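What follows are several structures.
Heads up, the next two complexes both have subunit A, just with different partners, subunit B and then subunit C.
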Partner chain A sequence: MVFNSIKFVVFVLPVLFLYWSFFKKSKVAQNVLLLASSLFFYAWADWRFLFLLIASIIINYYLALKIRKEVDDEAKQRRFLYIGLVFNVGLLLYFKYFNFFYESFVELINVFGITSSYTTLSILLPLGISFFTFQTLGYLIDVYNEEIDPSHNFLEFSLFVAYFPKILSGPIERATKMMPQIQEKRAFSYELFVDGLRQILWGLFAKIVIAENCATIANPIFNNYEDQSGSTLILGAFFYAIQLYADFSGYSNMAIGLSKLFGIQLMRNFATPFFSTNISDFWRKWHISLTTWMMDYVFTPLSFSLRSYQKNGLIISIIATFVLVGFWHGANWTFVFYGLLHGIYFIPLVYSGKMNTSEIVAKGKFFPSIIEFIKMLLLFILIMATDIFFRANSIKEAINYIISIFSDDIFSIPQGLFNSNYLITIFLIFIFFFIEWNNREKKHDFEINNYNIFLRWSSYVFLFLLILFFGKSSETFIYFQF
Partner chain B sequence: MLKSFVIKLFIIAITFITIYIFFIDKLSKGFVDTNYNKFTQEASGLIIGLSRANEGISPSIIEEELKEYNFFNKPIVNFAFNEAHFGEVYYEAIKKKIKTDNGLFILSISPGNFTSPLGLDDKKVFEYDERLTLGKINNFVSSPNYNYIINVYGASLYNSLHNLDQWNHRVSHLDGWNEVKLASKLDTITDKDIEYWKSLTLKFYEQKIKTEQISSYRHNYFIKTVEYLKTKGEVFLIRMPSDSTILKIENSHWKNFDFEMDSIAKSFNIPYLNYSKKSNNYKTYDGSHLESESAKEFTELLSKDIKNNLVE
Partner chain C sequence: METLTIKETISGVLESTLEHTNFEMHDELTAKDVDGWDSLSHMIIITKIEKAFNIKFKLRDLNKLKNMGSLVSVIQSKI
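Moving on, here comes the complex of A and B:
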């Protein structure tokens, strides 16, 4: 049941109606309805793992309480934290990475001449496991570090973990931000509700217009890359980079917008990342909920422990963090390499001392300077090249793709460039980024509440028509697989 | 305030839905997609199978050749397409499509009809099929078929104004046949193109072999389908001509395929017409699918053979 389906609309409209009518009188009633809806939503997506989700909620709830209870005994506290880490990481390792490690191990011993074969286990990946596991892990660590109080209300904690707008693909929410909202009764806010609808509209446009149209061009190119000219392969990588961004940011905007309809604000997940001038800035704006999680729970402690190695320690911490970021995406060496490359891109910044440079490009102006434009373009090319690893089935395939780009026909006219499908998609991408550029200083890409009524309604109608005419159906999101 | 807001939302939703329905309807009056015409009428005869039959057998030629027989109170429809593997989903769709007790049913078979993704058990093969076209709709006979357009049509509605997705070499007939012409108004498919596409087809087959398995579930439903169709009229099993290299790959992975199919045909007392050995007489545009002229010639031969069998 994806957000952009009729089934989902049929599911969510009655929930919304009940929420703001019969259930609005108390926070308990609101939370009960949201939790019941969330469990139903998850069961609809994959009922087989509903019990796993419930088990995860119960165990993490209990462990957090035990950690706080043993506040005077650090050894015991740590023991409960470790149990939590082992449980949550264990879930991920088993369901997501078991076959990967097993295959890699057998292939490794084969390299050393010990012939062995393997039969992979048929392990299904529970939907949203990477997202809800990271959320509960962060919660336990925060409780251990006394940054938050553990929840003493099972209903509220369950909702924090299972809340349906974010359960399948995030954002990876933090208890510090979300729990206080769940602990209060939500009052209907017209402004928030309308803002949520706007964000959903924008997310829909990004997903079913931009991402899906890019996919129809990128997929055949990637699937038959051996037979394409170098210039066509560049075009394929370009469209895939846009597809990946529009797909995931579109999903995130829909999730965040949907949550606003229930009066709960989730954290921003994308902040116009392609308008960045360096890789550090890019990662402050790309999949923000994952990046900040990794910064808080991996990078910061690691870089602190390696601080005596100065810049080299910092580089090791960054690369290790980004390898983990890559690996979080999936059990494939391509993702590890994807993360590694991003980590390597940071090295010049570390040595030049510009790692913390982050600012809104061309703030207060319409056009960027030439230098800013060149920096953005170069960064986009780097991201585009790295995304080839994200898309490819193996590192070998990605490298072959890149090698094939640098063939004799790299400067030829890409196949199909002047087809109407290509031209329309390029036109749509232009509109997409034009609107993003205009709103790059705002809280989200389609925050247009300060527009006058005519411009605001023209924008709605324009997006509606683009969705209606150029939208393509889609039943999944790229990030569902993670 | 809340009340006026809800009314406003309601008006917007109704406006949007009205515009959507208007363009859906407009789309239904023109070219929707290559499979749409297979789902817009009841049938008294069906061509069943995958893409080879989809592009290689013209129902109108069969109707013309066999008009002396009392088969066709309803049209014969090419109900073959590349997602139509044997299974419960296809079986149920066939049952809903047929409106006769004296029809003509041509089942085009090759090893491909019996494959499913590697590692799937029967239940999962069924679930896999359910996610494809036939599983998404429950109406196979209406014109216009909004059920199909809303649930299956995946391209943009802009196509209702100017179709971007129609290949200029393909003609999608109202009887479900997808004819592929070598020459179009814009260009001609050359022998070089054919060689190139054939190499892609071969590559596709090589990939497919690694990721697919012969499924007993599909085999069982094939038998079940034949059993059912026998109660509804005359049934013919055929194997279509294709490129010799591709046939060789198929035969190497199911060595006694023809023998087994022939045995099944005999057990049901129906003919098995194997045209794969006559492949050199026909031309494909990609190694697997017949181009227009060959498709017509082949359908004529098939019609004659059916006629001969009916006389016997």
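Moving on, here comes the complex of A and C:
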């Protein structure tokens, strides 16, 4: 069940009404309603794995309490942490990566001349597993590191894991930010509610106007890339890069906006990443909840253990972290390669020591400088190249795609460029980035509460009309498969 | 070692790593308050502090660091 479906609206409106009427009296009532709705939502999406989700909640809840109970015995604490790591990572490995490792292993022994055939197991991927296992893993590690106290309230902890706005596709929440909000009764805030609606509208626009229109152009190009000219392939990669961003950031904005309607603020997941002047800056703004998770729980311990190797240790840690970021997306070598490329992009930054420069581009000004513009453009091209790996079915296909770009017809006019759907999509993308650019210093892309009432309502009506005329419905999001 | 001396040394490390002095050394100062002090530069800063005081941190020490005050007391406990 996706957010932009009638079914979801029919589900969420009564919940919202109950939440702010009969259930608003106490935090327990609010939490009971939210948890019941979340379990219903998850079961509706895929009831077969509801028990897996519940088992994960129970096991992680008790392990955290055990870790804290043994606070005077580090060895015991570590044992409980390891049980938690094995359980959570094990779930992910089994459901998501088992066939991948199995196939890769068989192919490896085939290389050595031992012929072996294989049949893969038909393992279904539980929805949202990459998101909720990361959330519970982070929780256990935080409890172990004494950064947070474990929850002694099973209801609150269950809601922290299963909360429906973010269970299927994130943001990957942290207990430090989310738990305190669940532990208090939520009071209705008109400003927050309206801000949530705005963010949902913006997310809808990104998803069903921008992402879907880009998809209708990118899909046929990627599906028949052998027959396309080099220039058309560049265009395909361009539209896919925009599609991927609009799809996931649109989803995230809808999730965050939806949560605001219930008075719970989730973490920001995208902060205008294409307005970045280097790769480090880009990753501070792209899928922030995953990147910060990887930084805290993978990069930091790894770079700590390799710190005596100085910059080389840092580079190894960055590359390993990004390979894992890539692999997190799916059990395919294409994602590993995607992560590897991003890791490699960091190398010049580490050596030049310019890794930490993170500023809003052209802060306080309307136009970027020419240098800033060129840097953003070059970075976009580098990202676009990696997104070809993200989209392709195999590394071979991605490499063939890139080789085909550099053919004789690279400077020809792309096929269909002057078709109306191309021109309209380019126009819509322009509007999308124009609004983003204007709001790049704000807390989200469509935080327009400082506009006057006329401009505010014109913006709503304008977006609404664009959605009405150019929106395309889709029952899926790219990130649901992860 | 005097708290003040420790703070001065840390301040020097921050200055040489981050290439600016836009921060004031006080116990409540956190990495978030200092431009450029993020998870990437953090490790470089930690390594330089270890060298400056000739100490070794544990990963768990690092996780317990909340602000400048706690960094100073962890260093003091190791000297």
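Details
Convention: the second predicted complex is superposed on the first by the 482 of 482 C-alpha atoms of A that agree within 3 Å, B and C clash if a C-alpha of one lies under 4 Å from a C-alpha of the other, contacts with A are read in each partner's own complex, and residues count from 1 in each chain.
Criterion: a residue touches a chain if its C-beta (ideal position, glycine included) is under 8 Å from a C-beta of that chain, and two chains touch if they have at least 3 such contacts.
Quantities reported herein were computed from a predicted structural model and do not represent experimental measurements.
Taken together through their common subunit A, the two structures put subunit B and subunit C side by side without a clash. By the touch criterion defined above, A:D227 reaches subunit B but does not reach subunit C.
In the overlay built on the shared chain, the residue A:D296 is in contact with subunit C alone; subunit B does not reach it. When the shared chain is aligned, subunit B comes close enough to touch A:F470, but subunit C does not. Here the vertex is the CA centre of subunit A, and the angle it makes with the centres of subunit B and subunit C is 170 degrees, a multiple of 10. Of the two partner chains placed by superposition, A:E103 touches none, neither subunit B nor subunit C. In the superposition on chain A, contact is made by A:I424 with subunit B only, not with subunit C. Of the two partner chains placed by the overlay, only subunit B lies in contact with A:Y190; subunit C stays clear of it. By the touch criterion stated above, A:E146 is placed in contact with subunit C alone, subunit B being left untouched. Of the two partner chains, subunit C is the only one that A:S280 touches; subunit B does not reach it. Here subunit B and subunit C sit at a least CA-CA distance of 38 Å once the structures share a frame through chain A. By the touch criterion given at the top, residues 18-19, 36-44, 46-47, 50, 57, 59-60, 62-64 of subunit C touch subunit A in their complex. Subunit A meets subunit C in the complex at residues 145-147, 280, 284, 295-296, 299-301, 303-305, 307-308, 310, 314, 317-318, 353, 355-358. By the touch criterion given at the top, residues 1-2, 5, 16, 19-20, 23, 119, 131, 150, 153-158, 161, 164-165, 196, 200 of subunit B touch subunit A in their complex. In the complex of the two chains, the subunit A residues touching subunit B come out as 6, 20, 122, 188, 190, 193, 213, 224, 227, 420-421, 424, 464, 468-475.
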